[in-house]
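In the two assemblies presented below, subunit A is common to both, partnered first by subunit B and then by subunit C.
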Partner chain A sequence: MSEQPILELDDVTIQYRTAGGMLTAVSDASFTIGKGEYFGLVGESGCGKSTIAKTLIGALDDNGQISSGEIRYKGEPIQDYTEKQFNQELRWKEISMIPQGSMNNLDPIEKISNQAIEIAQVHTDMTRAEALERFEELFEVVGIQKSRIHDYPHQFSGGMEQRAIIALALFLNPSLIIADEPTTALDVIMQDQVFKYLDEIREEGGASMVLITHDISLVFESCDDIAIMHSGQIAETGDIETIYDDSRHPYAFMLKGAFPDHRYPDRELEIIDGYPPENMGEVNYCTFVDRCPYAVDECREMAPELEQWEGTESDHLVACFRSEDAYEEHQRSMPESDSESTEVHGDD
Partner chain B sequence: MSKVRYYVLRTLQTVFMLWLAATLLFILFRSMPGDFTDRMLFAGADPAAVEAFREDWGLNDPLYVQYYRYITNLAVGNAGVSLEYRVPVIQYIRMRLFNSFILIAPGITFAYLLGSLYGLLAGMKRGSIIEKYGIIPIIFLGAFPSFVTAIFLIVIFASWLGWFPTGGLITADTRRLFADAPWWRRYLTGDFLWHAALPFTAVVCRYLFLPSLIMRTSVFEVQGQGFIFYNRITGLPAVNRLRHIAKHASLPVITLYPVSMTRAIGGLVLIEIVFNWPGIGAALVDGVLARDYPVVQFVFFLIAAFIIIANYAVDIIYGIIDPRIAVEGE
Partner chain C sequence: MTENEPVLKLENLQKYFTDESLKDRILGRDVSPVRAVDEVTIDLYENESIGVIGESGCGKTTLLRTLMGLYKPTGGEMYYNGEPTSEFSKAEWQKYRRNVQIIFQDPFNSLDPKFTVRDTLKEPLQVHGLDNHEERMHRVLEEVQLNPPEQYIDRYPKQLSGGEKQRVSIARALILEPEVILADEPVSMLDVSTQASILTLLSNLMEEKGLSMFYISHDLSTVSYICDEINVMYLGRVVERSPTKKVLREPKHPYSQALIDAIPVPDPHYNRERTKIEGAALDPVDLGEGCRFRDRCPERMDICDIKPRFVDVDGESIASCHLYYDHESADPAADIDERRLASGSTTSGVEATGKAGDN
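Coming up: the complex of A and B.
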């Protein structure tokens, strides 16, 4: 990738101060997102996905901190930015966000149009009329009648409010959109529609996106690259095709096995036993070790680093000491899942 | 429910409540043992004269006739004649009501503004010293019975320091000076403000804790809402975010404001008496002691009506501030 990446995370560790000590929510996470790229961040709840999302827009909870590592936005390190710097330089003009649980994101006692105007006037020189015109345009993009920009949030259904939030995320043409579980509260049909709009956005402008979700199949459908997280650590990352067909981290292929696959409709879904651990202080072990059937002593003694998977040219990185043996054992236990490659985006 | 229908229904409801209050008061007062004539007899009046008086004032008529007379007169703004002073009740109450109002309205308003401001400050800085300990003196003041606060104020600022008068509305000199001027002229004097300072302070002390506590809690609650986080990540400056929070958090305070105001009109009897302030509270006490039913009944009705109308006003204003109200049940 010769172009300047939009976002780079370099061994980022994020911790929360709690009564019991420093809780490590994200441990040595690294990934890179290129221009116009859709990047999926997947993992169970509590694995640190949303912590990363909040960190990227500078809205980590008060007891949270970036303990080490570097976050670069368009090459500029932003991990030490103050609230004011985030407001003036990044928020909404550069980085926007579709937060989790979008139902309550808008101020219920103010017209949606007024909230849009407020955002526009804080960040740009747009007049009221210009802001309204731009917002109307976006309402049409996300499939809401433009006359409804003057409604109050409670007059919208959940799906409409979600689309209004998407429209607001696009409002000032950001380079990076962080979508944190953008469809969690919606039914399947609505989910599908929202993703249709997100896809349209990709075709229209060059915005990159971080899609955060627990639903790995959504990422396979709509992203270019993926990172799979387990309890603060990134287990495996690479492009969609590679991870879909050839994931090598035990958590990654077990997680894939836990979701239904239309290629093997009769296959029994796998179950990953146990719960992700709470990590206090320095994490110098693999956080998946207690749930991993392939774990050995080494896994408890140090944290595996993300390493280039042998035999691949793309950026396929795996953080596992046992990936080779584990993969072979897993393949043997599932005779029907052959390694034959299948088209990824061919789901619909 | 459309907005218009909501307002019409709410108005009808208010009229009904007013009627209900007037009727209940009538029933209550007629069920009480003893009336003005008992006091006349007790004072040694001639029983024949008392009987003539009863006949004259319609006290011997059946209750439903009395009720009909009472409710129709009230509807056209005639509250009867004071038995004690022999002047129309409305005329007797009018100035006293104004005196109470001019003490209570600025007092409560100031208490609410100050309390809301304090509550906002404390709520925004949860866990700070001002949030933890700042509320103690406010609750302390509010927990005192109002007449104790009033007496303390008089002892300290009137007796010891001599900065303010101990009571009354205006000095006799001022009264003489503006005897021929319009009635409102005397309220536009420094002398009036000087007299009002201590009672005003007593009212503020008494009512400060309610808006402070409500606002503080309300700010806590609002901060947990989703749009607070959203306003932060969209990069709104602190001032804009505070405006959103204040607007939300003040909703419950706005509900309480007129209620406090009307309750104060009935409830600050003691402050009025301590400061010798010729208000409605003092009139009520005098009226009860004299068994002057028309006056007492009307004052009670006024207090009830204030609360009913204040709640009506709050609902209407709420409908404007909070758009979610009017479409309830849509």
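Coming up: the complex of A and C.
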């Protein structure tokens, strides 16, 4: 990647001040997102993925702080940006956000067109007419009749409202869109409708995206690269094919195995025992250690660093002391892979 | 088991909601009801688990609440071991509620935060006047694999993880030794790593205890781990009934097809096409008698304005769709009318083939 990356996270640690001390939500996280790239950040509840999303648009809760590390947007460090800087320089026109589709992200008593005009007037010098014209165009992009920009949010169904939010997120031509569980509250057909438009944006190559989700199948279908997080640490990252075919971190391959695939209804699902720990203060251990069947003492003594997995040319990074042995042990313990023969979904 | 009577039998069960104000009534205005559950016919036999699948608003939760006795059906009948529930006395309802237990979707809100596990489990025992509390509680906690029970019994919900909370909910449902479990998306709020263990636990318990289960969900990819047969519901009506693996492989009704084609596949090498279905489901008000899916259906025909019959498509799948029967020839043998469906003869045929396929 010779081109300037859109976003780089370098050993970023994010902590919350709580009554019990500093709670570490994200611990030494690093990843890079190139221009036009769709990047999936996957993990279970509480793994720190939404904390990263909030941090990127400067919306971390009041008791949260970036304790160390650097976040660079187009090469420029932004971790110390003030609220004013975020507003003037980044929000909407550089980095925009598609929040969780929970039906209450739009102002209920304001027409959607007025909400767009307000964004345009705060962040650009577009005239009212220009703003409306641009917004009408975007409504067509996301598949809603342009006349409906003057509707109120309640006049839309859940899927349409989420698409209207996507139109707003695209409105000022940002270079980076952060989508935090954009379709979690939607039914599966509507979810697919929304992703149809996200695909189109990707084909046009305009914006990069961070897709934050617990659903690994959405990332495998829609992203270029993926990072899998467990309790604040990035376990493994790489392009989706590599991670699908050849993941090496126990959490990564176990999570993959736990995910149901309707094409193989007989496949046994992997069970990951236990639950993620609450990390206070410095995290100098692998956060997966208590759930990992392959853990050794070393895993409790220090935090594994993300390292290039040998034998691959792409950027395939794994943070595990036992990635080699664990993978082999896991392969051996698997029941014979007869999933191909029991395939039921004989499409195409 | 096919000779036996179904444990629960729904016959043209109907639940309409009418939001009629006093003014409407005085002026004699007709208000169109919301047809949340519209003529649903399902039989549940002993040790069988039947899924009801559909998107939000399809009426699956209303159906469940009607089964719990929280709503009074506005039409049709519900039979419990052959007895019509509409004629139940208070004592019979109490017995019904003891034998038909529910597991809720959200373990984070369905447990009282001020109750320890012991309090949660004790309450149903006291209500139904059972003895040997401690012994029953320990046994049920072992059954849901909260081992050792002593370690969990005095904990509050906030001291339990999501998966453990859901195990407590399951224990609460099992402690009265019910015949039927109604499960309302019991794994949808859980992380994927715990989902599998709860699904396995539920299906093992079903097997061991010979329980019957109604399993309600929007998630078709997990339902195959629990259910032998599923009913796909759309806007209050069942549109297809098939063995679970059959519907995943070969959905018959255009809506089931759309639903299955839209499920994301966790495999980057698999090229799935995005859905072609436009728009969202309407409210089930004033939709006329025709097929409920007709406005979004890619196969729409003129005849779809008439209510489609249930037809046996291929000996396994039953679909309510005009595509699957010849309207010219009035061959009565080709149709399955609701009466035959309700008698269970077709359902048990479906089930037998489904079971044979599994093993």
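Quick note on the criterion: the second predicted complex is superposed on the first by the 326 of 348 C-alpha atoms of A that agree within 3 Å, B and C clash if a C-alpha of one lies under 4 Å from a C-alpha of the other, contacts with A are read in each partner's own complex, and residues count from 1 in each chain.
The working rule: a residue touches a chain if its C-beta (ideal position, glycine included) is under 8 Å from a C-beta of that chain, and two chains touch if they have at least 3 such contacts.
As the structure is a computational prediction, the values presented were derived from the model and not from experiment.
Taken together in the superposed arrangement on subunit A, subunit B and subunit C fit without clashing.
By the touch criterion defined above, A:92 lies against subunit B but remains apart from subunit C after alignment on the C-alpha atoms of chain A. Of the two partner chains, subunit B is the only one touched by A:118; subunit C is not. When the two complexes are overlaid on their common chain A, residue A:25 makes contact with neither subunit B nor subunit C.
Put simply, the three-chain overlay gives an angle of 70° at subunit A, taking C-alpha centres for subunit B and subunit C and rounding to the nearest 10. In the superposition on chain A, A:256 makes contact with subunit C only, while subunit B stays out of contact range. Within the superposed three-chain model, A:154 lies in touch with subunit B and out of touch with subunit C [touch as defined at top].
Annotation for subunit A, partner touching more residues between subunit B and subunit C: C.
Of the two partner chains placed around the shared chain by superposition, neither subunit B nor subunit C is touched by A:41. When the two complexes are laid on top of each other via chain A, the two nearest Cα atoms from subunit B and subunit C are 8 angstrom apart. In the superposition on the C-alpha atoms of chain A, no part of subunit A is touched by subunit B in one complex and by subunit C in the other. Within the complex formed with subunit A, the subunit C residues making contact are 55-56, 161-163, 191-197, 199-200, 218, 220-222, 224-225, 244-245, 248-249, 258-260, 262-272, 274-275, 277-280. Within the complex formed with subunit A, the subunit B residues making contact are 225-227, 229-237, 240, 244, 247-248, 321-324, 327. By the touch rule above, subunit A contacts subunit B in their complex via residues 57, 59, 86-88, 90-93, 96-97, 99, 101-110, 118-119, 122-123, 152, 154-155, 168.
Note for the complex: subunit A touches subunit C at residues 44-45, 157-160, 187-193, 195-196, 199, 214-218, 220-221, 240-241, 244, 254-256, 258-263, 265-266, 269-273, 275, 344-348.
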